[in-house]
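Notes to accompany the following structure.
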Amino acid sequence: MSTTIAAPPDKRVLITKPRTSDRIFRGVVTAFGISALLILTLIGVFLSVRGIQTFHSQGWHFLTNFKWEVVQNDDGTATSNLGIGAMLLGTILISIVALLIGVPLSIAMALFLTFYAPAKLKTFLVSVVDLMAAFPSVLFGLWGFFVLMPMVTYWAKLIYKYFNWIPVFSAPEPFFERSPFTAGVVLAIMIIPIVTSVSREVFAQTPLDRIQAAYALGATKWGVIKSVVFPFGSSGVVGGAMLGLGRAFGETVAVFTVLNIVFRGNWHVLYGAGGNVASLIILKWGESTGDETTALLAAGFVLFILTLVVNLSANFIVRRSVKSGK
Amino acid sequence: MTQINQGDDNSTNEGESMTTETVPSSLAGVAASRSSSRKPGTLPMGAGLEARGVHAWFNKHLALRDVSLDFGFGTVTALIGPSGCGKSTFIRTMNRMHEFIPGAAMAGEVLLDGKDIYAAGTDVTKIRLQIGMVFQKPNPFPSMTIGENVLSGIKLAQLKVDNKDDLLEECLVRAGLWSEVKDRLSAHGGSLSGGQQQRLCIARSLAVKPRVLLMDEPCSALDPGSTLRIEDTIGELAKTMTIIIVTHNMQQAARVSDYTAFFLSDGGPGQMVEVGPTSEIFSRPRDKRTENYVSGRFG
Amino acid sequence: MTMTVKPRKPWAPNRKDRVRSLSVLAVAVFGAWAVVSFTGLSGKIGFIFSFVLIYTLVQAIVGVRLRGSKALGDTVAQSIIYLGSALVFMPVASILYMTVTKGIKGLHFSLFTASMSNASFLDPVGNGGLLHALVGTLYLVLIAMVVSVPMGILTALYLTEIKGKGAGFIQFVVQAMSGVPSVVAGLFIFTSVILVSPLKTSAAAGALALAVLMIPTVTRTSQEVLLLVPTDLREAGLAMGATQWRTVAMIVVPAARNGLITATILGVARIAGETAPLIFTIGGADKLNMNPFKDYQSALPFYVWKGLTLGTPESLQRAWTGILILLILVLSLFVAARSLGGRRMAK
């Protein structure tokens, strides 16, 4: 008698034949599901089709050129020398300021909400943070200009007075109104809600058994946060910060209000001259024609790609960190 | 070694002088036979842990009523009983882990060497350093290596240690894990098997030199082989510390413990029905309900 | 022993602890006051700065005396976390306070009955009103809703009910879409609709731009709500022999109804205050335009924007009043979403 073990039978393929109504239902819903992809693609297509002329006429230099000039020639034609180098530099500068101020505050708030606040205060503060996210950006512009800017200008003067030996805090001349620093502070406040809520979500998922293990070893609250919560949630916080960065890149109206837009590469954060791609678009939109309008569309395309990349990587990081915790 | 029975409320007032004068009649013999091990001074690590009239609430719900138990140094006490009888709640009141649950409240006292660990102004982190805990599910810190896991308590509590390598080895040896991991101390804790992880957690608890070790169903997530190894470890550890173990497994209670306390909830709050030397609880319990439980008629 | 035992919370701060933390606070306030009065540091900034420093320091000293050296990191971290949270709270309070106090000065009845057709932003504040902007915002919101609510909910259904092969990818796309800058959405509608289709600058064009921003919000919130519908319910429907279509239409969607309304409200709250996309799409009229598909239109945020950019005292007063009304609108939507769906649903 042979003792070979019988091979397991082949798996049966399960076929369900949906009814007509279900097929229509699935078809319609799937079509709408795909529409999101379609819209996103169309945004890229339409902006790039219009903007491509700019890349033809200005070349890749468009991204690094600090000038934005349209010169009327004698024969009626116009020569344009257009670039968003200064605006890109400014966007990055402002966003860095926003992250440096906004992210630590958001982490503090998220930790407070998750581990320190009593239940009632927590509910209240969560609403406050959500409320902040719902403020229209034109409100931030208005408030930023009339309330925050005088304060920030004062801080800027102080920082300049004591730290101007640090290159970033120096300035070609003592003019501190509507500086990248001002815009960065406004943006910091605007990105706090998103960074806080992502961080809070990640912190709240820290496995309870590990937190308890640390407490059972005699850890203080801060010890638990440092040794258990941060290692668990750090990548989520990074993802949240990047979502904030995406916001900061794309913010238009508020930045426009509190920033002095100048076509010059300025990296002195305190000095009142800066740039921002999104603000450039609304600054030049009303008066622009021909080449200039096309260039603004090209700038919009660059901004779109920039925020897309930042957002996708942010979501990737957040999702990975949330998954790995389970 | 004394065990204060439930409802014994005539004991002396708590205070610095409070040690082991209260000897209830029923277990006096046992206490006398083992009391030699508790002479002050002979054993510097000696820790008498004593629960007095401990109640526990979750919001309005009374989960545990009036438990008084005395745990002598060097003994292993098993807490048995069906699910929901309050034994896990009770063990968590013993090192103040109970208070992490929102809405938790308690009454009564828990005395460590005669001092109430719930007294105002007590530094709770110091209490937990002296009363360690091993949890149901192995929970090594995933971001740390095996070595870092063992020494994490030192870092968390900012303790000073002369020789970390010695301590590391000592703890792993005592937890019965040294031979298995000595060549890969820098591997991550998550790379170990479940049973090894649990022994790693025991080693981690040992590193801060607790005098009492609480174990909340430490083997319920493990296979029989790992369970046996941990039971061996418990036997070894009991020579130098007090151990309280919650278990669902009556055989385990019979194997590892000197004393057994039976908890039960009759639909209301959990209560301690009976406590005594393990052999007595399993052979001739005084309470009918204990007998029914240990003989497998319910639970 | 009878049941006369009272539950205690020995871990909660007792009176002594409270007195101690209050005295630390008092010491810090007094110390900061002293620093501001007697040294070079002055003003609000100086006060806050020295308060933070003294508070942290005293807190740390008290902590270390009570609990030993490991309390140092704990107390310092706690102070920093408390103060950081307070710093986050301050701008919100300031924004609300400023909006109400400044905006209330420009409120008058004809705001809601008149447009700016016979008035200029530079006129005294009593002239004209923002009826045209209210109507514009109403049109924008309604049309954006009509477009994005079905799209958002159906996309959410695709992600939760069909769970096709592409679901993971579509999820990714929806998240990417929620990061599209509002200015880009405006440019997109300008190039894809206004330049090439019969629909020119109008409320409808603006609404399409807003819909681009609203779809991801509606989708993500609906998805969360639909996921909360227990699988049992779906299985119960299918087990009775119902088609998936009927199960979704008659069981899943009704079960999630409140949540889906919440999703819509949150979507509206997200777009009602958007300004940037409107700059490219609605033109910005000063008179009432009742046709949403033709001619220049205004909107509340646009009205505020115009007042802000003109920069005269009268136009700024109009901007503050406009933003107050816009804020009240957004906040009521917010409160409505909250009370309807609760936190669980509306997250």
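Chains: A, B and C, in written order; residue numbering restarts at 1 for each.
Quick note on the criterion: a residue touches a chain if its C-beta (ideal position, glycine included) is under 8 Å from a C-beta of that chain, and two chains touch if they have at least 3 such contacts.
Everything numeric in this text was worked out from a predicted model, so none of it was measured.
Chain contact topology: the protein chains form a complete graph, every chain touching every other one. Judged by contacting C-beta pairs, the busier of the interfaces A-C and B-C is A-C. Note on chain placement: the centre of subunit A and the centre of subunit B lie 50 Å apart, centres being C-alpha means.
In terms of their C-alpha centroids, the spacing between subunit A and subunit C amounts to 16 Å.
With centres set at the average Cα position, the gap from subunit B to subunit C is 50 Å. The residues of subunit B that reach two or more other chains are 125-126, 157, listed in rising order.
For subunit C, residues touching at least two other chains, in rising order: 70, 73. In subunit A, the positions touching at least two other chains are 220, 223. Every residue of subunit C that touches subunit A in the complex is listed here, in rising order: 45, 70-71, 73-74, 77-78, 80-85, 87-89, 91-92, 94-95, 98-99, 150-151, 154-155, 157-159, 161-162, 164, 166-167, 169-170, 172-185, 187-188, 191-192, 212, 215-216, 219, 243-246, 248, 269-270, 272-276, 279-280, 301, 304-305, 308, 319-320, 323, 326-327, 330-331, 334, 338, 343. By the touch rule above, subunit C contacts subunit B in their complex via residues 1, 3, 5-11, 14, 16, 66-70, 73.
Looking at the complex, you find that subunit B touches subunit C at residues 7, 9, 53, 55, 57, 65-66, 96, 99, 104-108, 118-121, 123-126, 157-158. Subunit A makes touch with subunit B in their complex at residues 119, 207, 209-210, 212-220, 223-224, 227-228, 231-232.
Residues of subunit B touching subunit A in their complex: 95, 97, 100, 102, 125-126, 128-129, 132-133, 135, 137, 139, 141-143, 152-153, 155-157, 201, 204-205, 208.
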